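To start, the structure itself, in C-alpha cells.
Labels run A, B, C and D following the written order; every chain starts at residue 1.
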Amino acid sequence: MGLTEIRTAVKVDLKKPADQQPVLHNRWHPDVPFTAKVKDGEVFKVECVDWTGGQIGNNDSADDVKNIDLTKIHYLSGPFEVEGAEPGDVLVVEIQDVQPFQEQPWGFTGVFDKDNGGGFLDELYPNAAKAIWDFEGIFCSSRHIPHLRFPGQIHPGILGCAPSAEILAEWNRREAHLISTTELKRIVALPPQPQNVHAGSASDEVKEKVGKEGARTIPGRPEHGGNCDIKNLGRGSKVFLPIHVPGAKFSIGDLHFSQGDGEISFCGAIEMAGVITLKLSVMQSGMKDLDMKSPLFLPGPVEPHYGPSKYLTFEGFSVDDKGVQHYMDATVAYRQATLRCIEYLRRYGYSDYQVYLMLSCAPIQGHVAGLVDIPNACMTLGVPMDIFDFDISPTGPVEKMEMGACAVANK
Amino acid sequence: MGLTEIRTAVKVDLKKPADQQPVLHNRWHPDVPFTAKVKDGEVFKVECVDWTGGQIGNNDSADDVKNIDLTKIHYLSGPFEVEGAEPGDVLVVEIQDVQPFQEQPWGFTGVFDKDNGGGFLDELYPNAAKAIWDFEGIFCSSRHIPHLRFPGQIHPGILGCAPSAEILAEWNRREAHLISTTELKRIVALPPQPQNVHAGSASDEVKEKVGKEGARTIPGRPEHGGNCDIKNLGRGSKVFLPIHVPGAKFSIGDLHFSQGDGEISFCGAIEMAGVITLKLSVMQSGMKDLDMKSPLFLPGPVEPHYGPSKYLTFEGFSVDDKGVQHYMDATVAYRQATLRCIEYLRRYGYSDYQVYLMLSCAPIQGHVAGLVDIPNACMTLGVPMDIFDFDISPTGPVEKMEMGACAVANK
Amino acid sequence: MGLTEIRTAVKVDLKKPADQQPVLHNRWHPDVPFTAKVKDGEVFKVECVDWTGGQIGNNDSADDVKNIDLTKIHYLSGPFEVEGAEPGDVLVVEIQDVQPFQEQPWGFTGVFDKDNGGGFLDELYPNAAKAIWDFEGIFCSSRHIPHLRFPGQIHPGILGCAPSAEILAEWNRREAHLISTTELKRIVALPPQPQNVHAGSASDEVKEKVGKEGARTIPGRPEHGGNCDIKNLGRGSKVFLPIHVPGAKFSIGDLHFSQGDGEISFCGAIEMAGVITLKLSVMQSGMKDLDMKSPLFLPGPVEPHYGPSKYLTFEGFSVDDKGVQHYMDATVAYRQATLRCIEYLRRYGYSDYQVYLMLSCAPIQGHVAGLVDIPNACMTLGVPMDIFDFDISPTGPVEKMEMGACAVANK
Amino acid sequence: MGLTEIRTAVKVDLKKPADQQPVLHNRWHPDVPFTAKVKDGEVFKVECVDWTGGQIGNNDSADDVKNIDLTKIHYLSGPFEVEGAEPGDVLVVEIQDVQPFQEQPWGFTGVFDKDNGGGFLDELYPNAAKAIWDFEGIFCSSRHIPHLRFPGQIHPGILGCAPSAEILAEWNRREAHLISTTELKRIVALPPQPQNVHAGSASDEVKEKVGKEGARTIPGRPEHGGNCDIKNLGRGSKVFLPIHVPGAKFSIGDLHFSQGDGEISFCGAIEMAGVITLKLSVMQSGMKDLDMKSPLFLPGPVEPHYGPSKYLTFEGFSVDDKGVQHYMDATVAYRQATLRCIEYLRRYGYSDYQVYLMLSCAPIQGHVAGLVDIPNACMTLGVPMDIFDFDISPTGPVEKMEMGACAVANK
C-alpha cells in the first residue's frame, strides 16, 4: 500500500489569539518544548497563522499596520521533533505544497510606520500603508493596486531548527555588540525581550528563561536560517538546514503568497495564513559531509516563469539620493534601483506607496550585477511586465490611468 | 529590398597595441572625438579588443595577470556619433549578436593580485590566478578548471554614452570626496590619471585635457551606465541609455563570453575580443518621457536556461567571517554566500582559486533575498548544477576528484 | 471587501457509486438538467470523481483494469448553468487550481486489455496493466515504476459545454458514417448506448432520450472540446469554449495528476479524484468575434519546467514496425517514436509495460517535426531526463537495474 | 594550448551554381565520394548553400518559387569521412553554432504551387507565395508579413550519414511499394531520378549509378534521419546518428533561420545559406549499446523562450473541413489546427497566404494532445504571442490593420 491520508500534525485556530495556542511560539530557543513528533521521511501538513497573528484586517484602513504590536509577531508552528535527528545532522525539508485556507482566500502587504517597524525606504516613505490581496487559485490581485494580477509562488518566510545554547549565546553576543557600537541613529538590532514572549507549551519557568535569552525572530541568521524571506522556497523546493539540538526542533511559519526579492517594505510579502505540506528527512553527519555552515537549497520546478526578455530591469548604483558616493555598498545600490522603478511606474498614475507595496510582494528579481568595480556596486531590479494588464514597456510618454489608492495612514 | 550586407563600423587589429589604434579610447570624456557615424536605426557591427588590450596570453602562467598594467585597460570602441541624438534623448541599443573572432576562439578569467587590482575576496585569496577558456560555438570549457562546460551568454561589460562636462565634474567631485573621507585602508576609487590615457584620434591638447579630467572606466556610474558588468545584456537584449551630449558619443567594449553575477574576481568574466552586432535608435526626449535617471534594459530571449530546481543555492548573511555582525550589508552577505559555495565545491577536489574563478565567470545567479530583517541582510548565490559533468547535488560525503590546477602566481 | 470563502458548487461522495449521484452525468446531451448555477465571473470549486467512477483500487493487481466496465466511465460534474450565457457566446474558463483530495493522495495509470478498451500500442501490448501513484504535494511516484519521481501538472481531461440538438445530430451522423464505412478490423467509434447512461437528475423520460441520442464522452470533438486530454490545461490556464445552448451547460471531469502527450495507454494519465477551482466568464458573441470553431486556450504560467536541453528526444517516421511505408501518417510516426523510447528505456531493466505506462502519464512532449516531406511524417517524443533518479543520457552501454514490476493481468 | 583558429572544412561559393561545386551533392548513396576528413572530436566549420541552391531571389515576386526546379535542390555539404567511424557506431553531432553569412543577411519562406511541390494546405491554397526575411543578429522580420519579429533558432533541416547499399535498397523497395499501391491521386513519394543528380566529385560511372539508385533527399527516413526538419536542432543541440558505412559519410545542409513545427508550406522554414560549427564524435558500437534504430537528440540550452502562458493554442481534431470523420488521424487533426489559426489571425488583416507562411517558419509549437480517444485524434498548435508587436490575445472583436502583402504568384 502506498500513501494514504496525509495527517495534519499541527492545527491552528484562526479565531483564537495566537499567544493562546500552545502549538505556536515566537522565539528561537533550545528549551521551547516539542509540539509534535514526525518520522524521518514522513509527509505531513502543518497549519500556520499569518506572521502578525491576525492583527491585520481585510479592510481599507492602514491603521492596524501603523499600530501593529511588533512584540506579537512571527508565531511559528512547532517545534517538531524529528525522529533520529542529532546535532551535526542536516534536516532536508521538502516543501511539497503550500495553500491558503479555503475559508480565508486573502492576504495583505503592509508598509510599516517609520517609527514602528520601518522599512527599506522609510526615510522617503515614513507612513504606514496597506494593500489587501484576493486569492483566486494560484493568482492574486488587489483592489488597492489595480491593473496587476499574478500567480503567487507561495512559500514560508521562516523555517529553521532551534539553536543550541552556545549558538544562541553567540547570537546575543554579536548583536549586542552591534547595538552598543553602532553610530547609526536607528534601531539596528533587537535584543531578547521578555514582553509577549510565547514559548509554546513551556512551563512558566522555561518561559521566563526563553524571554530573557530567546532570539527574536526578525533576522535570519547564518547558523540556522530562520527568517530568510527567500521567495524561491515554494512548491517543490528542498531546503538543507543545520541541526543543532537533539530532535532538530524544527519550526516554520510566516507564509507568503508571493514576495519580491528584498521584501522591501518589511511587512512586504503577501502575508497569509495557510497550510504547508512537508517531508522531513535526516542526513546524518550532513554538516560535516556537506561542509555546511549555513542553509542551502534547491528551488522547486514549478516557479511561475516569464521569458527572460519580459523583465523590465532597472539599474542601481551605490550613489545615494543625496549624491553621496558609497564604497561598494550593494544595499545602497539596490535601494537606488527600487527608486528608479518607483519613478518609472509613477508615470502611469500609481502612487509611490502603491509601487512600494508592489515591489515588496510581486515576483521582482533583485540581482547582483557588478560588485568589484570600485567604488560602485551595481544592482538590478527586474519587473516581470506580464503581471500588468497594460503595457509597461519603455516606448515613450504615457498617460496617467485611474489607479485608485492603497490605504495610507496618517503620521 | 531588405537588409543587405551588414557593415563593420569599427575594425580593430588584434596584433597591434590597443593604444595605437585611433578607433579605441579608454576614458569617459565629452571631448573624445567621434570615430564613426551611424544612422538612427542602422544595424552594424563593431569589433572590440579584450578589456586588457591583449595583455593576457593563452598559456599556463598567471604572471601576466599579476603584473598587468591597469593603466592600459578598457579600450572601448567608439565613440559613435548617432544621427540626430541630442542631450535628453535616450539611446536604445539592441544587442543583436556577439561573437568571438573565428581566429581567436578563447578567453581568460583572472584573479588580480591583492596589491594590483584586488577583488571581492582578496583578503582571503591575495594571489593572482588565471584560467584559459576554449570556445566551441556557444560552449566553453577550460583546461584549468576541469569537469565544467557551459554555454556562454556573450555580452559587453561596458556600454554607455559620454558624460557632459557637468556630469563629469560631478563624478570627479563625489569620487574625490569618497577618497578624501574614507576610513578604509584600501584604494576606494580612482581619480583622473593622465598616464596612458588614450583619447582616440584626439589632438595632443584634447588628449591632455582628457587625461586630467576624464573619468576612469572601472566603475559603472548611475548617470550613464558604463562598466555595469551585467551578464544579461546578451544576444537580443535592449538597453536604454541616457544621452548627455550631441550625437550621443556611444562607446562599447569589454566583451565577456560569460560572467557570474558580481563578477567577483574583478577580471572575472571570461574576457575576450570579438564582434558585436548593434542597432541604435534614438528615443527623443526619452529621459523626461521615461523619467529616467539611470539606464534600464530588457534582457534577450535566448539566455541559456536550466530548470529553476537545478540551481544549488547558498545563503549568505551580513555576519562576516570574523563573526562581526554588520547592519544590513548586502555586500558582506553576498561575500559570505560565495565563501559557503567555495567550501562546498572544495570537497570535490577543486582548489579555492579554481572555484573563485568559476564563480566569477560561470552563469551564477546572485540574488537579494531579504533586505529588511534587521540586522541581517540575506543574499543567495545559485549555481546551475548542469554546468558540471558530475553530480554536485547535496547527497552526502563525496570523494575528491583529479582536478588539475589553474595558474596561480607567487606573491 | 474582497473575496471571502470560496464555495464548493458541486460535492461528490467518493464512497457512493457515481451513478447514484445526481450531480454527475456521463453523456453529452442538451437535455441533461443543470446541476448548479454560477455567476458570470464567479470563483468556485467543483469536486470530481476519477474517470472510472472508482472502479480501480489502490492495490497490486491489474484485474480491475482488465475487467473495467467501460459503460460506467467519465462521470462529469455538472452541467453548470452560467448566468447570461447564450449560444454563440464563448465561455472563458480559468482553471485556478486543481488538487487531489487530502484523504485520497493517490491515483492510477492503466493499460487496457486489447479486447476491452485497447490503446495506442495494443497490437504489441495486449494485456491489461496498472501502476499506482502516490502524491506528495506537487510530486508523484509509484511503487510499480521505481526510480521515477516528478511534479504533476494537474488538469482536467474533459471540459466542454453541451452540444445543441443540431450539433449532436451531426456528431451521430458522421461517427455512424465512419462506423459503417471503415475497413479497419477494430472498433473505430462508439455510437449512442443506453446501457448505464447517467443523465444527472433527469426524469426517466429525459434519461431514455439521453440514452438513445447522447454522445459518448470518449472522443473530444471539434465543436465543443470535451475529452481533449490536453496536459497543458493545468493551474492558471484559460480555455475558450464555444457555447451552443442557453446557460452554457458546462461540464468538467476526468482529472489527471499528470499526463504525457498522447495519453497513449488510454487509461493513460494519472487518473484521480479531486477538487478544481474555476472562474467562468462569458464573452458575448465570442464565437463570431474570435471566428472560433473549436476551443482554444492559453496554458498556465506554472508548468513544471526543465531546461530545453534536458529532453531526450526520439524520432519516429511513418514507416511501421512491419516495414510498410505509410503516406504522411503522423499517427504511425508517433507510434514509432514511442517504440524507440521503449527500446531505449528497456535497457535499464524496465519492462515494456512499465515504460508504456510511464510514457502515458509522465510529462512527455510529443511534437510534430516535419509533415511535408513526402512520404514520411516525422514526429518526436521528448522525455525529461530529470524525472529519473539516475542518468538516462545516451552515453553507451548500461547495466540493468532492479526495477520491480507493474501489475500485469493475464490475457 | 587550447583551441586555436577553427578551420572551415567545406567552403561554398554563393555565386557559383551549386551543381558545379564538388563539395556538394544531392542524393543519399554510399558511393558519393568523401569531401573532407575530420578527426574524432574535432571542431570545424562547414559552409552550406540554401536548399534551393540559390534559385530564390530577394525580391517581391513569387514566380521563382512557382517555377522552382525541384530536381535541383537539397545540395548537401559533405560527405565527411569521420576518422575511425564504422558501421554500427553512432555519430554524435554537436551543433555548436549556426550563422548566416555576413554578406547575405536574409532568407526566404515559400509556398509551392500545388502542381510543383505542393504543401500541407495545397488543396485550399494552391498558389505559390513567398516572403523575404531580413536577419538582424538573432532576430528576423519580413517586409511581406508586417508586425512580426522574432529570434530565430537557426538549425540544419538535413543531417545524416549515408545509407549502406542494403538500407538504400530497402528504402527504394518500400517507397516503390507505396507508389505502386496508393489510391491517393497525388504524388506520394519520389523514386530515384537521374536528372540533375549531383554526386559530388564522383566519376561519371559512379554518378550514373547514384542517379539510378540514390535516394532522393526530400523525406527523412528512420534508419538515418536525413531531412527531418526538426526545429530544435539549433545551437548547442546534440544529435545521435546511426552509422552504416565506414567513415560515416556524414552530410549536412538545408539551413533554416527558423521553422515552425510541421514546416507546413514545405519550402516552409526561413531558408538560408550559412555556416555551421560542428563537433563530431564516434560512439563505438553505439547502435547496439543504445539499442538505437533511428536518430535521437538532445536540444540545445539556448532556445528562445517565452513563458508557457504566452502560447495561444488552437485545437484540431480528425474531422476534416468537409465534415468527414477520420479515424485517429493526427495529420488531419494538425491540419485542422492550422486552419483554426488562419481563421483567427485573418481577423487582423493578414491574408491567408501570409498566415500560411508565418505558421511554416515562426517558432510554432505543434503538439500531440490525445491519440487514443476514438475516433478523434486531437492535436494542438501554439503560437507565441510575443512574436507580434500587437496584442493577439483572445479578448473580443478586432479591427483589421494594414498588413501589406506577401508575394503570390498566379496559377
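Going forward, contacts are C-beta pairs under 8 Å (C-beta built on N, C-alpha and C of every residue); 3 or more make two chains touch, one makes a residue touch a chain.
Just so we're clear, the structure is a prediction, and the values are computed from it rather than from any experiment.
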- What is the chain whose Cα centre is as far as it gets from that of subunit A? D
- Note on the structure: Comparing B-C with C-D, the one with more C-beta contacts is C-D
- Find the geometric centre of each of subunit A and subunit C from their Cα atoms only, then give the gap between the two centres in Å, rounded to an integer. 39
- Item | Centre-of-Cα separation between subunit D and subunit C, whole angstrom | 32
- Query: Taking each chain's centre as the mean of its CA atoms, how far is subunit B from subunit C in angstrom?
  - Reply: 50
- Query: Residue numbers in subunit D touching 2 or more other chains?
  - Reply: 236, 300-301, 303-310
- Message: Taking the touch rule as given, give the residues of subunit A at its contact with subunit C in the complex, in rising order.
- Response: 1-6, 43, 45, 58-59, 94-97, 99, 102-106, 132-139, 142-143, 151, 235-236, 277, 279, 300-306
- Okay, in this complex, where on subunit B does subunit A touch? 90, 119-120, 170, 174-175, 177-178, 182, 184, 187-190, 218-222, 225, 227-232, 236-237, 240, 261-266, 268, 283, 285-286, 289-301, 303, 305, 307-317, 319, 323-331, 334, 336, 340, 343-344, 346-347, 365-380, 382, 393-394, 396-398
- Message: Using the touch definition from the top, list the residues of subunit C that touch subunit B in their complex.
- Response: 304-310, 386
